[in-house]
Structure formats: C-alpha cells, structure tokens
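Several structures are given next for inspection.
One chain, subunit A, links the two complexes that follow: it is found with subunit B in the first and with subunit C in the second.
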Partner chain A sequence: MAQTRPISANAPARSANAQNVSFVASLRENWLYWLILIVLVLFPFIIGWLSGDSPFGTPRGDRMVMRGESVYAQSVLINIFALSVLVMSYNLMFGFTGVISFGHALFFGLGGYLMGIILEFGGMDPNIGLIVALVVVLVVTGILGFIVGIVSLRLRGIYFAIFTLAIAEMGWLFFRGLSITNGEDGLNVASLPEWLDPARNRIMVYYVGLALFVLTFVLIRRLVNSPVGSVFQAIRENEERAQVLGYNTLHYKLFSITVAGMLAGLAGMLLAIMNKEARPEILNVSVTVDALLMTIIGGVGTFTGPVIGASGLHLLDTFLREAVVTIGPITIDIGERWTLILGFIFVLVVLIFPYGMVGTWQRLRMRFKRSK
Partner chain B sequence: MGTNFFGGKRDAWLLVIGMFVAVLVFALFTSDFNLSSFAITLVSGLFQGMLLFLVASGLSLVFGLMDILNFAQGAYFMVGAYLAYDLQHATGVFNITEAVPDPNIRFIIGVLVALFVGAVLGWVLERWLLRPLYDRPLFQLVLTFGVSIIMLEGIRNIWNTTPYSWTDLFAIREAEFTLFGQAFSMYRLFVIGIGILLIIGIALLLRRTRLGIIVRAGVEDPEMVSALGINVRVVFTLVFTLGCAVAAFGGAIAAPFLGATISLGSTFLIQAIAVIVLGGLGSYEGTAVGSIIVGLALAAMQQFSIGVNIPVLATITPMLLLVIVLLVRPQGLFGEAR
Partner chain C sequence: MSDVILQAKNLRKEFGGLVAVSDVSLDIQQGSLHSIIGPNGAGKTTFFNLISGKYRPTSGQVIFQGHDITHMPLHQRIHKGMGRSFQITNIFPNLTVLENVRLAVQAISDKTFNFWRSAAYFDGFIERATYVLSLVGLEKEINLPANLLPHGGKRKLELAMLLAPDPAILLLDEPTAGMASEQVPELIDTINAVRQQENKTIVMIEHNMNVVMGISDRISVMNMGEMLAEGSPSEIAGNSVVQEVYLGQLYDDVDEMAARGGPA
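Presenting the complex of A and B:
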C-alpha cells in the first residue's frame, strides 16, 4: 500500500506548448484506455457486423423489436456499466479513502426507486420527468451521503460499517413493505421517454450508459490524482497522521462519501432504466456485498480493478448460467451449479490473488521490473 | 462495595437497565395492561432473544478475539436446523425413524449431531482456509462469504429449496406451562432455559478457566499473549470451532419452531451482527444483554405493529434500536470508549 503520493500542490500553470506535449504524453501513457473507449463506442456495430443482426433491432411493422445478437450484447454491457459505476463509487470510498460502508445499496436503490416514483406518479412529460428525476436523485443521495458522512465523525471502522448496514436494511424493509410501489413485486417504470426506452431504442440506453461509465472513470481518476485525492489516501493510510498534518479529515471523508453516494444513485437510475422496473432487491444488502466483493477481487484502491471485478463476475454470471458442459459421457449443467461455482471462485481468488487481480498483477510487474 | 457494584461499566449498566425498563413499559402499554397478553410478549421476546444469542455468541467471541466477521455463521445455523429436522422426520435424507422410534431420543440425537457437524465444519474453515489469511483481514471476509455460499448451495443440493416445517410432536413440545393465566408450550421455556444456561456457561468459561483467561487476554492484545509463550493460534481454532458449533446447536434447538428454510441463515446473521455491535464489539456481556433487549423489543413491536397495522415497524426494530444506541453511545453498550 505504498501508493500514497507526497501531498503537494505541484500543479503550476502550463504554457500552451507544454499542454500540447502533455496531451501526446497522456495519449502514449493511456493508449490502452483510448483503445478500449473506441472499441466500446463501436461495439454495437462490431457485434452487428459480426453476427449480421442490426444494432438497432429487427424492424416489425413501423417499429423496432429488440431482437438479435447486437441488441442482446448491448443489454449485457449496459448491466456491466451500471454495476461498474456502482463498484467504482464504492472503491472511491472504500479503496481510496478507507471508509468501509455496508450501506451502499441504499444509494443505488434510491436512485432506481426515486426515478421510478417521479416518472410514474409525477404526471409530467417523460423528458421533463427524467430531468427532474436526475436532479432529485443527485440531491437526495447527496444529502443522504452528507448526513451519513457526518455520523462517521462519531463512528469509526466496523461501527460505521454496521451503522450504514442498519440504515440500508431499514430502507430495504421500508420499500419492500411500501404498497404504492407494489411491495415485494417492485415498481414497473413504463413512462420512460421514447428515445431512452430500452424496449425501443436500446442503443441510446447503451450510449447513455457508456457516457456515465466513462465520466465516472475519468472523474474518479482525476479526483484521486488531485491534491484532494492525496488527502483521501492519507486518510486511508493513517487518519490521525493526516489530522496532525493539519487536514480536517472529516471534510474530506464527507466529500468522498457524498460523491460515492451520488454516483451510486446514478448507477441505480441506469439499471432501473434498463430493467424498466425498481425492485426491492436493489436495496438489499447483497448489492453492497457484491460491490465489496467485486472491489476486493478486482483490486482495492486501483482504477481498473473495480471494472474488471464487476465485468468479470457479471460476464461469468451471464454466460455460465446457461452453459452445459459435456466431457465424454458426463454432462454437467453449469447453470444449475452456478452459485456453487461462484462460491468456489471467491475462495480461489482469495487464495490465489492476495491483492486482488489488478493489485497482484501490479505487484508482479513491479517485482519483474526491479529484478531486471 | 456499593460504589463499585457495577464495576467499571456503571454507565453501560445504567443504560441497559433504562432500556429494559423502557422496553417492558412499552410491552405493557402495547398489551393494554392485560397481564396475559403481556406474558405472551414477554415469553416470545425472551424466546427470540435467546435464538439471537445462539447465533450472536459465536460471532461475538470470534470477532472479539480475532477480528473476523464470520459471514458463514448464518450458514452454520442453517446446517444445524436441517440436520435436526432431517434426523427427526421420516421424509428426510437419512431415515432413522425405524432404528430409533422414540421422537425424544431422535431430537437429542439431532441436536448432538448438529453440534458435532458444526464443530467439524468450523474447525475445517479456520484451520485450513482462514489461517493463511490472518494478515489480510478483508480477504477473510470474502472467504467466509464464499464459504457461506458453498454451504448454502450444498444444502440446496441435498435438501432442495422446499421449506420444511416441523411436524413431529415430542414430549417437550406437547407439555405446557402457564404464566399470568396464559398457557405456553414447554418448548419455549426449554429454549429460554438453554439460552440462559449457555450465557452462564460461556461466562464461567471466560471468567473461571485458563482458556477463558487466555481468550480475554487475546481480545486485548493477541501479540502480547503469544509473546508470553502461549500458542494463540490453537486458541483461535478452538474459539472459532466453539462458535460454529454453538451456531449449529442453536439451529438444531430452534428447528422445531423455525423449521428448516434456505433464508434462515441470512435473516439471523444480519440481526446477530446488529446485536453484537449494539452490545459493543468484543464484549460478551454486551452480546448477551443486547440479544435479550432486541428480542424483547422485537416482540413488543410485533404486538404493537399488529395493533396499528404497519407490519414494517416490527421488522425494522433491531436496526432502529442499533442506530439509536450507536448515535447515543458510539462504542455500543459495553464497548471500550476510544
């Protein structure tokens, strides 16, 4: 964990020329990220071209039916985007600032539920409703994150974690018993604007999801590499020492928790748009546990770890659920045993990758470089 | 003497007494000062509190000593419940009804088998999976979670997902006792009694034996204990095994009431986590007192929520109680103030 950079405001104003050079340098440094971005932008068309299905769906009469390989692949990726944003936001708080929360599902679930309630019961034009929902979700999750963050002044470590767990459990039980959102069956979100309706225009949902994913990634990277991010990491390594250095650590923790909560709310909105419903499961503690496990498996306190953890586990989940393997005379229905395999994956990853997948890879590379 | 009656934790005990009084007054109020319905609340509250304690005690000991939050604790509870159910009823996987026709003896066999299997599974988890991970506490969390999934799936594969409800009658379920003119199944008294015996038993173990002294010292500072020449790892294994065995035992004891269902583990696990934090992490008396308070509050709220017809009130009670206690006392009831 020796990643803590020295805390310094080392950002002098650059000339236009230097900026140009730094752009090329950043291109060289980040070429892999740019390549992945280009692939993701073209992804629906690549799959469409490979499979021969249109990325816009199959026309039937005067409207499009969402059928075909490309459309299916888009929906898998939209889920990955939502999950990645959730896990990245969790990592901002947990991996970079060192605040363990077991209540992240509350923010995620509120994003979905608030949007659903505003669109269904607001009686507004869907486009305006969506904007109102966006603002309300950001404000409510922000305020809630702020309040929960203030409690972290008094509660530390596992006490704070369990406090957030209790708050999130109450939210889950509340929405599960709420009759206007149909209790355990969940709320159907039918009044989405037509351009963002996954049953008609999935590709738009895909690009909105991609935009959210890229923005979150860039935002967290910028934030963590900024002086503020250095303080976050100082808090993670040793909160008392950061205080002694003169930082008001509560302010920084509040900031981290609030931003993480708002991003999780946006992720919940995206998932609710994709599924066109908000079910109580999105508030369940298992969402938080998933985010925690995906962060740890991918690599705590790394930028790509959460994305790899989230997409890896979701892809395995999607494809192994339907897989049936036949080796000679033995046929194994993997889908039926999938959860069992997941359990073994957790155990194996813990025993094989001691610092998560990305963390272990970075360490191995560093050792290799040093020995050369 | 008088001034030092409460030990160093006078505030905590005063708060606990205050909470007990508040909960009991609330229970009296919800039962309209009718003693026989107050008795229902009281017995049901103590009963639920003891069930909670059976899961929470192991969790608390393990967390206090080795800083592991064992996510698999709920799964051990479930294993106990399934084993006890199975050994009692003819429809299960092992059919021992012909070999042992007496249902009372079958119940005792079920409980003992659950205790034994829980201990063995707990020993395996600590000795072979958790031990390499003591310098990486986060990964212990992932590992116990992975193990709980594997155990859950194992149960699902052996017994499938149908919930089993206990149908077999045996002596202790049929006998009755009366309190304030209200008749109760003797089984409830039996569970409450087992819970109280366990509270006293573990307290004696911690206070009066050499192992208990080592465990209490280990809670304070494990490194110092091993520096004194005590093999602290063996103690870790013992305590972890004991914790899992007690959880499985609790599942077996509770099975005649709760039956055996797949969701049993997670419900109890979360409530038990709430209880040990409410009582103060690492504090055994906190866990015991916390379980009883939460159980009583739950029962009173169940009564109340039926009256006002808001069922959510009862289910959120343990969490609400935890939030309030933490806001008033950030270290939990008996936790060490920083």
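Presenting the complex of A and C:
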C-alpha cells in the first residue's frame, strides 16, 4: 500500500549540551578563521609595534598626521577589504548562482557616488548624512539589482552579460559627464564625519572596513549553506532541472543578484571613504573584469577564493607596480610593463590552478581523502 | 480503478511548419503503468514536454486531477504532484548524490525560502532523501559527487529525484536510455518495486519492447505526431496497423538500438 511518508522539515530539538558540543566543534573546524580575525583586529598594533610607528599616526601640533608604517599598512588593508567585499559579492552571483554579469561596477560606483553626493550636497550633519547615505545606497542598489535580475528572466548567459555591460557603461558615461560631480575629475568627499576621516582617524576606517569584510564573509557563508543557497548552486549546475524540481528559479536569481548588488554598493562606499573621492573609474568595466579575474584566480564558488584573489592581486599591484628590478646589468622597470606582467601571472595561475587556488586545493584534498 | 488522473485533450504542438504533436488525446488511469512507444521523432518527448509544462501547446488542453493546468508554469506543476524524468541524464553534476535528492525534497517544502539556517539543520529533508535513495539502491553512494556515478547509477539517481517529493504521477522518458543491456532488468525491477510499494501512476516512454510488454497495463503507440493505437500489451502486439507501421520499423532499427545499448 501507499507508504507515503509525510515530508517534514522539522528542526531537531537541540539540548543545551548539544549546543555546547557544536560550539566546540565549530571552533575546531573554524580555528583558522578565528585566528585570522584576531590577527586582523590586532593588525594596526602589531605593525605599530614592529615598526615603532604609532597605529594612530604621527602627532603634529594638536592633530594627527597619517604618517608611519602602521597607518600606511592600514590603508593597504582597507583597500583589500573593499576589494574583497566586491569580489565576494561578485562570486555570490557568478560563482554560487552561475549568473554572469559584466555590470557589477555599476553597483560599486553607485555606492561611492551616492554617498559622495549626499555628504557634499545634502547639507546634513555628516553623521546623519552618513546614515542617510547608507540607507540610500542599500535601497538604490537593491532596487537596481532587482530590476537587472528581472531581465535575467528574458536574457540568459552571454546576452544577459552584454545587457549588464551596456547598463554599467551607461552609468560610467553618465557620471563622466555629470557636472556637479566634476565629470572626469571626480567628486571630492571632504564632508566625512571626523571620526571616520581617513586623514585624521584612519584606524576607525580600518575597523569599519574590517567589520564590513567580516560581516560580508559570514553573511555569504550562511546564505550559501542555507536552503536558499543550495538552490543557488542547483541553478548554477542546471537551471532547467531546478525548475523541474519545482523551484521558481527567478526568485532565487533575483535574491542573489540583489544581495550581490547591495554588498557591492557597500564596498564602493568604503572605497570612497578611504580615498575621500568618487571618480568615474570606479564605474568602469575594468572594475568588473578585475572582480571576475580575482574570483577565477582565487577559486570560483569557494568562500575564501575571492579574498585570496583580491588580496593577492592588490598586494602585487601595490608592491610591484613601482618596483624597479636590477638583475646584474639588466634593469627592469616593472611599472612600465605592469599590465603585461599581470597578464602573465594570470595565465600562469590559471594553468597551474585550473579551478583557482582554493578550488584546486579543495579538489586535491578531496581526491586524497577518497583514495585513503 | 477507473479514475482518470491525467487527460490530454487534442494537444497540438507545431515547431515552425513541423507538427510534432498532432491533436493527441489520451486518458491515463489512476494507478496504472501506461507506456508510450513509437519510432524516433514520433513526438513522444514533445508530448511529455507539453504535459510537464516545458512547452506551451499550440492548441489543446492538459487536465490533471480535474484541473486545467495547460497554462500553469513548469515549477508549479511539481507542487501539484507531477514529476518527470528525462531521456538525457539531467542531474546536478557537481553536487553530491544526497544533495541532488535533498534539493528535490526541499523544493516542495514550505521551509524553502530560509536563507539563514544551515540546510543541514532541516534533517527531515535528509531523512526523506536517504530513504528514497535506499529505495532505488543508491544508499552506499550518497556522498559521491553525482557525476562520478556510472551511467546506470545516474538513471537511478534521477528516479530518486523524481520520487523524493512523493508525486502522484511519474512521467518517465526512456528510463533505460543508454544503459548497458545487463543493467536494464535491475532498473525495471526498481521501477516495478517503486510502483508496487508507493502505488504510483506511471507514464513511461520506452523504446525497449521487452520492457514495455512485460510491465505495462496499457500501451499507446505514437507515430509522426499522432496516436496510432491504444490497448493492453496483447492487443498492441496483435494490432496489424501497429505491426506494420511501428514494429516493422522497430525491427529495422535493431542496429540503432544496439548502438543505444538496449537489447535487440
């Protein structure tokens, strides 16, 4: 007879004891993440201690000047945080949901520009302005992500990618021509609240950036491991099959694209705070291409890959771009050939790590486990 | 046992000038195993695509459990109790066997749109998925990435994904396609077992005559977009028109069938 079982999604009742055990288990599983977090929290002080420069800058008269190794290192990491958030958000959409977009720079750029415009022209107290900017950026990038997502119903794959490219290029042209933000020269953002001014109080910008970075990482990990995230991956693997299982895949793609857009907007805000300006370049397609390359190099559809890709390329960019290498009689000005060298590195990494650094490592480890 | 669960009324599908399905009407009885046979290009898969909602019919209606579902989107039909499998293996290749089936269970639950809890937290999903995998005999492979299963295993996985949400009707498109001949009886046994244990209605497209004659309650024969005949296995075997149009052609197809891996 019909042996139909009720299909329930009952959450198991967990005792307090079981919760303690699972906390210890999670600590054991995630110890590396916790260690990295602790190092990042102490980072300004560690560098300060190693170099002898204060993590708060150098005093000059009654104010602080942002000089010294620690403050400089903080600025490098703030850039890495912003880039990582951008690349993680791109990976949520591209790596976990399988949606290829060439328009991600639009969300990133809007984050910077909207904040700049609100702070400079809003006439508000900078603290209130910052909160208003945060809300406006989230709402606008959210709505825009939703609209772009709706189009993914009609356009698939490369056609969708070209559509997003066209929209983003329009945004770039618009802000390049917009006179109130000084067109190609970009908008200076001078009206930041003093506590968040990187020229006075960089360490606060550092911690705000760190918080955004950690929250994004945790959010994406939870999201991807949730029931919704498992459908993201099903869509990436085989969208038609997901539909035939009974999922309205459009809803899921909308969700992924919208969240990715909002996170990119926040990343753009962070970068604009750090640079104290919003320039049209942050809307350029090269930002999206960089995010794509960093995702691929680090590992598409992995949690740590985007962070490794973003940090690796940004560090190379920061420390090698200016370098002049002398080997015996030959002197190479790396800056002159930077694009070429970067291209070479990219080809090399893709050849050695066909699934990105983290992806390839995971596959090797899995194969090793199975063969045991 | 004379309730009609699924009804096609004058279903028609044209692709440009080509009439792939030409005004087909068909009643499927509750609890029966109804096979559809016919030569390549007869329109069998297209007929399934109309019933399952992948294509909109040019004209005609689909009635399921008394409701007109002609214009219902694909994903909603699953929630109404319809499940289908594919002629070409259609799974999530890089996800584990368990995850493939777990997704099928989750799809019809109301806890689907949760984006904060870990999916593993809902152990009702996993329990059901494990149970269904044991039904089809894949309990040892649950943690393997699906693309590492042998072909026969993939066909079983599809069956499990189909059974997971406990559908009222199963639409199977050539479940033995591409299988080595020695694996076919095992899959047929599995289908039979599922049918008896779970009391499902099954509509099955099948090329393999041995399979069809052995397990079907009724057989429909399709040719060039039309339903040529319908009857019990013995009626179909004795039908002269069918023999002429279809069976004759089929026996010419022996080489082609061998190439597909089915027994001649």
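Here is the rule we use: the second predicted complex is superposed on the first by the 359 of 372 C-alpha atoms of A that agree within 3 Å, B and C clash if a C-alpha of one lies under 4 Å from a C-alpha of the other, contacts with A are read in each partner's own complex, and residues count from 1 in each chain.
As a convention for this text, a residue touches a chain if its C-beta (ideal position, glycine included) is under 8 Å from a C-beta of that chain, and two chains touch if they have at least 3 such contacts.
Every value quoted in this text rests on a predicted model; they were computed, and no experiment measured them.
Enquirer: Of the two partner chains, subunit B (first) and subunit C (second), which one does A:196 touch, if any: first, second, both, or neither?
Expert: Neither partner.
Enquirer: Should A:134 be classified as contacting the first partner (subunit B), the second (subunit C), both, or neither?
Expert: Touch status of A:134: no partner.
Enquirer: According to the stated criteria, A:316 is in contact with first (subunit B), second (subunit C), both, or neither; which is it?
Expert: In the superposed model, A:316 contacts neither subunit B nor subunit C.
Enquirer: Once the structures are superposed on A, label A:214 by its partner contacts, choosing first (subunit B), second (subunit C), both or neither.
Expert: It touches nothing on subunit B or subunit C.
Enquirer: Touch check for A:174: first (subunit B), second (subunit C), both, or neither?
Expert: Touch status of A:174: first partner only.
Enquirer: Would you sort A:241 into first (subunit B), second (subunit C), both or neither based on which partner it touches?
Expert: Touch partner of A:241: subunit C, not subunit B.
Enquirer: Of the partners subunit B and subunit C, which touch A:204 in the superposed model: first, second, both, neither?
Expert: neither
Enquirer: Looking at the overlay, what does A:223 touch: subunit B (first), subunit C (second), both, or neither?
Expert: second
Enquirer: Overlap of the subunit B and subunit C footprints on subunit A, residue-wise?
Expert: Common interface on subunit A, subunit B vs subunit C: nothing in common.
Enquirer: Can you list the subunit A residues touching subunit C in their complex?
Expert: It comes out as residues 1-5, 7-12, 222-223, 225-231, 233-234, 237-238, 240-249, 251, 255.
Enquirer: Write out the stretch or stretches of subunit B touching subunit A in their complex.
Expert: So the residues of subunit B in touch with subunit A come to 69, 129, 132-133, 136, 138-139, 141-143, 145-150, 152-154, 157, 270, 273-274, 277, 281, 311-312, 315-316, 319-320, 322-323, 326-327, 330-332, 335, 338.
Enquirer: For the complex, which residues does subunit C have touching subunit A?
Expert: 52, 54, 73-76, 78-79, 84, 90-95, 99, 102-125, 128, 131, 161, 165-166, 197-199
Enquirer: Could you please specify the touching residues of subunit A with respect to subunit B in the complex?
Expert: 151, 154-156, 158-159, 162-163, 165-167, 169-170, 173-174, 176-177, 285, 289, 292-293, 296-297, 300, 337, 339-340, 342-347, 349-351, 354
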